[in-house]
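Here come two complexes built around subunit A, the first alongside subunit B, the second alongside subunit C.
Showing the complex of A and B:
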């Protein structure tokens, strides 16, 4: 190890240094080397053309180097960010970050000037997480810009941002951990830091890969880390003492630790009146139960327990089922699979063609399949309601998970009727209760019951009533409001 | 560290006790108790409940003397290594028999009520899987699940409201026609329904909190159980005439069979029986947990997976292959009643008396956290 570092130190021979740089960056067409000889001093600058800011290189570096006097130091170059190093490894990674390396004469140190310029797209609202009212910006694929967006909202020195260089071999990705020091629990931060730094992956890191490395249970269908592209959601979660993990080159921010119910909260809830916000919450949670259990309940009733329905309803359903040649479970599977195919096709196609798919799929297949007696009318209704209710989840990942879960429930109902559904739900609930996200119980505040957290789970109370932060992230500063309107006591 | 994960709060203990207790008996006890105590059945339940409260207080007293020991460890301390171990084995057999009876009642009810043509092996297999999946977990996870299941009891009680228009208050009178011995007989028959609160003997050391809040929580859970049972008993007495109630084995299900949910859902009994599986499962799992703890004390085990598998496999095959007759169920009930007398009251009381005589207590070990 020590030999290697010795080999990486900068030589005290100018030409040898430039030679080393040229060797390392051979076959890179946009790697540039420029050597100056000014007032008997040899100065060489090296950089990668395509990722550096030309204005700075030309105006601030080359121009200033020409003006250098005998005793002037390179450090005097008027740029904000300049660092000194004697190690080639640091120079390599610096150059890959868009920095300019400056070698001088026969000294064995080099200077790195930050001139990086990586292209990013402009900010716009993420398509997958639209809201009605509230802020409409979204993250972009640049770590710095994302932190910029967050710092715009949280202007306190307590917002800490640590950069970890994660990866394996010579491929590393910058990962940033953001948290509010006066709220977030340091134990959780340490746990997250430990898990992230332990990642050893010689591949480029994306939030998805990062999450699979650090989450508690990879074999669960439920996401245990919340992924979002919305700055307002990240801000709200940071204020609850949670931790945000940003990965360079990705517009997705991971939030942890979260509970199941975090996936059902939307910024919309807080931007509308609280009664409506609570109502929407309840509708969404109802959507969870419907999308998991409605097809299975229907199958259980029509294939096992007709008695449960009133007589008139039975005749209706029976008449629509009469000409369908196979059992309801096959019907349900056909329709669920068709729906998944349509959904997947609509995502892959450009927007203009997606509408065609919707018409072909929805109208043509929908009516034709019933007229051809392949699937009954009632089953179409059931599957349609199921699909719609699964789309009410604000976070896309959770919506996919619960649609996936409806398949085992369909099989359980087809095998054992109502008993199958109850047993299936029990397995589901036991699984949810067993899950933990970074030490926080995943299904809190229902299992375990935490009354103080219920205020922002199934319903949401007016914000001035939310005296404490949710206990999921075990915040060290729990109080967030006095529980009163400040002016109410003035007798206004 | 292991111990740390085991801890629950007093508030959570309430749910554990309630769901460990309510379950196996709730469908059939109104019929059993009514056979003897007639319209005074609710008094019988009150009597059994008071005994349960008294016993729970003695457990709490025992716990005060040995704040960090389960009944298994107390037995070893009080009765010596070998006798103590023998008693532990006795406890395990007793709990195991209850597990078997839970599974048998579950199997028969499901087979008779809803899955008539499904083989018993399949029905039992569901409980077997659930038992392994939750039974191997620690107390905290089990209690978390129980907290979710608690709402089913509330839901059942609310559904019961549908029977209110059909209740006949005169069925409750005259109370004094029933002789006191009959009431006592009735309360003896309700004992199996109350079993489960004795899990206090094992879980108390893992409950965090002051003695006062422990007492409050355990009392409140037993009062809740008594209230639930009396509520169910009363609706059954008032809904059915006495001739009916003697004949029907599962009065609650018959009650739900005859009411509808606003005319939209009929045959509520099918839904109730499916939900009742949850309560059976919670009782089963709580007993698996109790047996696991005994195994761990006996063999100094750390992991619970192996004992859980042994218990569930044994229960599965024994219940499946031991032929059932009406009499064997009755003898099993009687056996459990006698065993419960020994293990839930005699041994804890004996332990208290012995600890008094020999001034044995654990208090200098400090209060449990």
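Showing the complex of A and C:
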């Protein structure tokens, strides 16, 4: 990235070195320089006060420097991590990482001692991905701590973590690629590494921006990279041979490659009995269809084909529709927009206020709008069911995507009725089947059909039955269990 | 860029078509029942019950019916006239019931049904019934036992169908029979008894496309349907025991038929058709005031008595069918299939009323209730 020129090498003049440092870090109030003269040795330390651990700086560095004898080397300072460099660029980035740079006399090398201390919040369960049973920890905004959490779960040297410095100019962000070397496919790892290192962005990097740079199709409504704050989900996906991308300063971990159905899996499925797990899966997939198509089906029926309704229902719906002044599509749009406004408002407000909004929105608007005959009762029910179904998706991003997709379906239904819905679904399916996530077909195992992967898609079979890992990430080691309960053969 | 432009034009063109084929539910006037009668000078009188609702108080509404009557040359013309006087668009695609007055039923029925069969949105599952007197009399009641007339009539017919009192027929099923020379159809028969009572009294017998004026009543419709092999959900019968007269409670037995077995034999005897139906009923005794059924002897005696009684009624029913020239069992259809040469020589309309046709009945008690 940065060519090392001769001008960047450390001078053999102590004062010139300190001068250079002061010039570079001028106007930085917490940049500290301290020069000692001990036993005729000139030693200078420089660091940024606010991001260094004072205990180490005082106790391990300053204290030890005072104790140095004539012949002692700086390397003898009792700290775990000390490196030597002769280049100013390395010193600059080291200082920004919270290291202490030590210059000595007229030597043209400097020492970097790792004393970095960046504040992080404590670990707690992410609000957007709650589960009932299982582990309740979540990632925080520190790359190191996040890797710590993952290493706690996967204790094998095969868990490789590469750090890439991504960015442009002198603004870089540390991005870590995590994978299990004995499972993950090296081709996919190389592809991810290549795409990430190609990013050139002179702005702060967040997982969202990173994903937009590396994903296959940015114009698709479907997320092709799974974002999660749950370590258990990341662990499970790493074990399937997928790759996790962590970005410094963000609690969100990106997992790739994924399929459409990855977004419908939740740790809860595996923490409950498999029958219940399968049931929950089916409920969620049902939620997908309901949230995309229920408003449009309702509109198609009441404005084109109400013959399909039994007459008891048709008279009920008709009496609720009778006095609404506009066509059903306008009703649906009003309700969907109100719902989105409420949702957005509730997210922005503190929890206590959000409840007030919910009451005003849900109860007051809900009843008043019906009594004023602005929206029919049935439409309120339809939109409420739609909203609730869209919230069943375990990953928030997918939930927003499918809610957004219901709008084009509403328009299609208003134009052409059920035919419009068929056309809408046709476009949707064509798109889903065509989509790829890092070489993996997005709609697998249904398109293309992969029978062995169906075991964990619409239903979930007992885990000891899952002999192979899913083939999405083309793992090099597919076997994960024998397909039997080990003890069953002993004739216990 | 080019693709983007084309896509944009495609979307805009879709939107420009507007909602030309939209048919909003809220703008339609739902017709739930229609009565057809013969008016003077061969004109048609239709009586239409239209469902709408009325706001009671904020958001709450109540269903109401209103009735429109119109006389014109054809059904379709009356429909146009009705449409001129009602709010909203006349929509008969939720039609539930079609009542036909006995006068108009006696004429060729098909011309009056044509408009229903021709319209693709028409509700062919609408039930059809023949009414003694004027169909409009029933529709005009507006309410029947506190229920809106259309719902009440449907429920009335449905429960009659479930108890195997009337055949399960609708517009669609009778269409094929209308054009079938080998089989005639039957329809439920309704009567308005007084100011607020309507009763399904039996089955109206048709010949080809017109009502013969003859009906089956009492237990006969049930026996007719059993002999036809059309047992619905349940069958309940009360029969007078043989050789006992008088209105004494002990002279009767009530039972439900759990299962029927029937077969029909059609033979050609000297170029003449002869039909026999063997009917076996498996019954459950519901009420037997006479008393004990303890022994095998009493039971088989009762079986025989009941069988003889039903057989008698069944053959009386056959006589009615023959006199009405209503081939409801579809014997002609069998002849067309199995004895085609002979069939071609037959004049079926003449032959049928005189053919040999017998029903044999056997009864077996399978359940006597929880007392012996």
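One rule holds for everything that comes next: the second predicted complex is superposed on the first by the 488 of 492 C-alpha atoms of A that agree within 3 Å, B and C clash if a C-alpha of one lies under 4 Å from a C-alpha of the other, contacts with A are read in each partner's own complex, and residues count from 1 in each chain.
Here is the rule we go by: a contact is a pair of C-beta atoms (placed from the backbone, for glycine too) under 8 Å apart; a residue touches a chain by one contact, two chains touch by 3 or more.
Since this is a predicted model, take the numbers as computed values, not measurements.
J.: Based on the superposition on subunit A, does the combination of subunit B and subunit C result in a clash or a fit?
T.: Aligned through their shared chain, the two binders fit side by side on subunit A.
J.: Considering only the touch criterion stated at the top, classify A:373 as touching first (subunit B), second (subunit C), both, or neither.
T.: Touch partner of A:373: subunit C, not subunit B.
J.: Given the touch rule stated above, what does A:15 touch, subunit B (first), subunit C (second), both, or neither?
T.: In the superposition, A:15 touches no partner, neither subunit B nor subunit C.
J.: Could you tell me if A:414 is touching subunit B, subunit C, both of them or neither one (first, second, both, neither)?
T.: second
J.: Contact-wise, after the overlay, does A:327 reach subunit B, subunit C, both or neither (first, second, both, neither)?
T.: second
J.: State whether A:160 touches subunit B only (first), subunit C only (second), both chains, or neither.
T.: neither
J.: Could you tell me if A:121 is touching subunit B, subunit C, both of them or neither one (first, second, both, neither)?
T.: Once the two structures are laid over each other on A, A:121 reaches no partner at all.
J.: Taking CA centres, what is the subunit B/subunit A/subunit C angle in steps of 10 degrees?
T.: 40
J.: Now for A:308: first (subunit B), second (subunit C), both, or neither, which partner does it touch?
T.: First partner only, subunit B.
J.: Looking at the overlay, what does A:319 touch: subunit B (first), subunit C (second), both, or neither?
T.: It touches subunit C, and subunit B stays clear.
J.: In the superposition on the shared chain, how near does any CA atom of subunit B get to one of subunit C? Answer in angstrom.
T.: Here the least C-alpha separation of subunit B and subunit C stands at 5 Å.
J.: Common interface residues of subunit A with subunit B and subunit C?
T.: Correct list for subunit A: 304, 307, 416-417.
J.: Quick check: in the complex, which residue numbers of subunit A touch subunit B?
T.: Listed in rising order, the residues are 304-305, 307-310, 416-419, 421-423, 426-427, 429-430, 433-434, 441, 443, 446-449.
J.: Give every residue of subunit A touching subunit C within the complex, in rising order.
T.: By the definition above, subunit A touches subunit C via 301-304, 306-307, 311, 314-315, 317-324, 327-328, 367, 370-371, 373, 377, 414-417.
J.: Where on subunit B does subunit A make contact in their complex?
T.: Residues 11-12, 15, 110, 114-115, 118, 122-123, 126, 129-130, 133-134, 137, 141, 143-145, 147-148, 260, 263-267, 270-271, 274-275, 277-278, 281 of subunit B touch subunit A in their complex.
J.: Sort out for me which residues of subunit C touch subunit A in the complex.
T.: Contact set of subunit C toward subunit A: 14-15, 17, 19, 21-26, 28, 30, 32, 51-53, 55, 58-59, 61-63, 93-94, 96, 121, 123.
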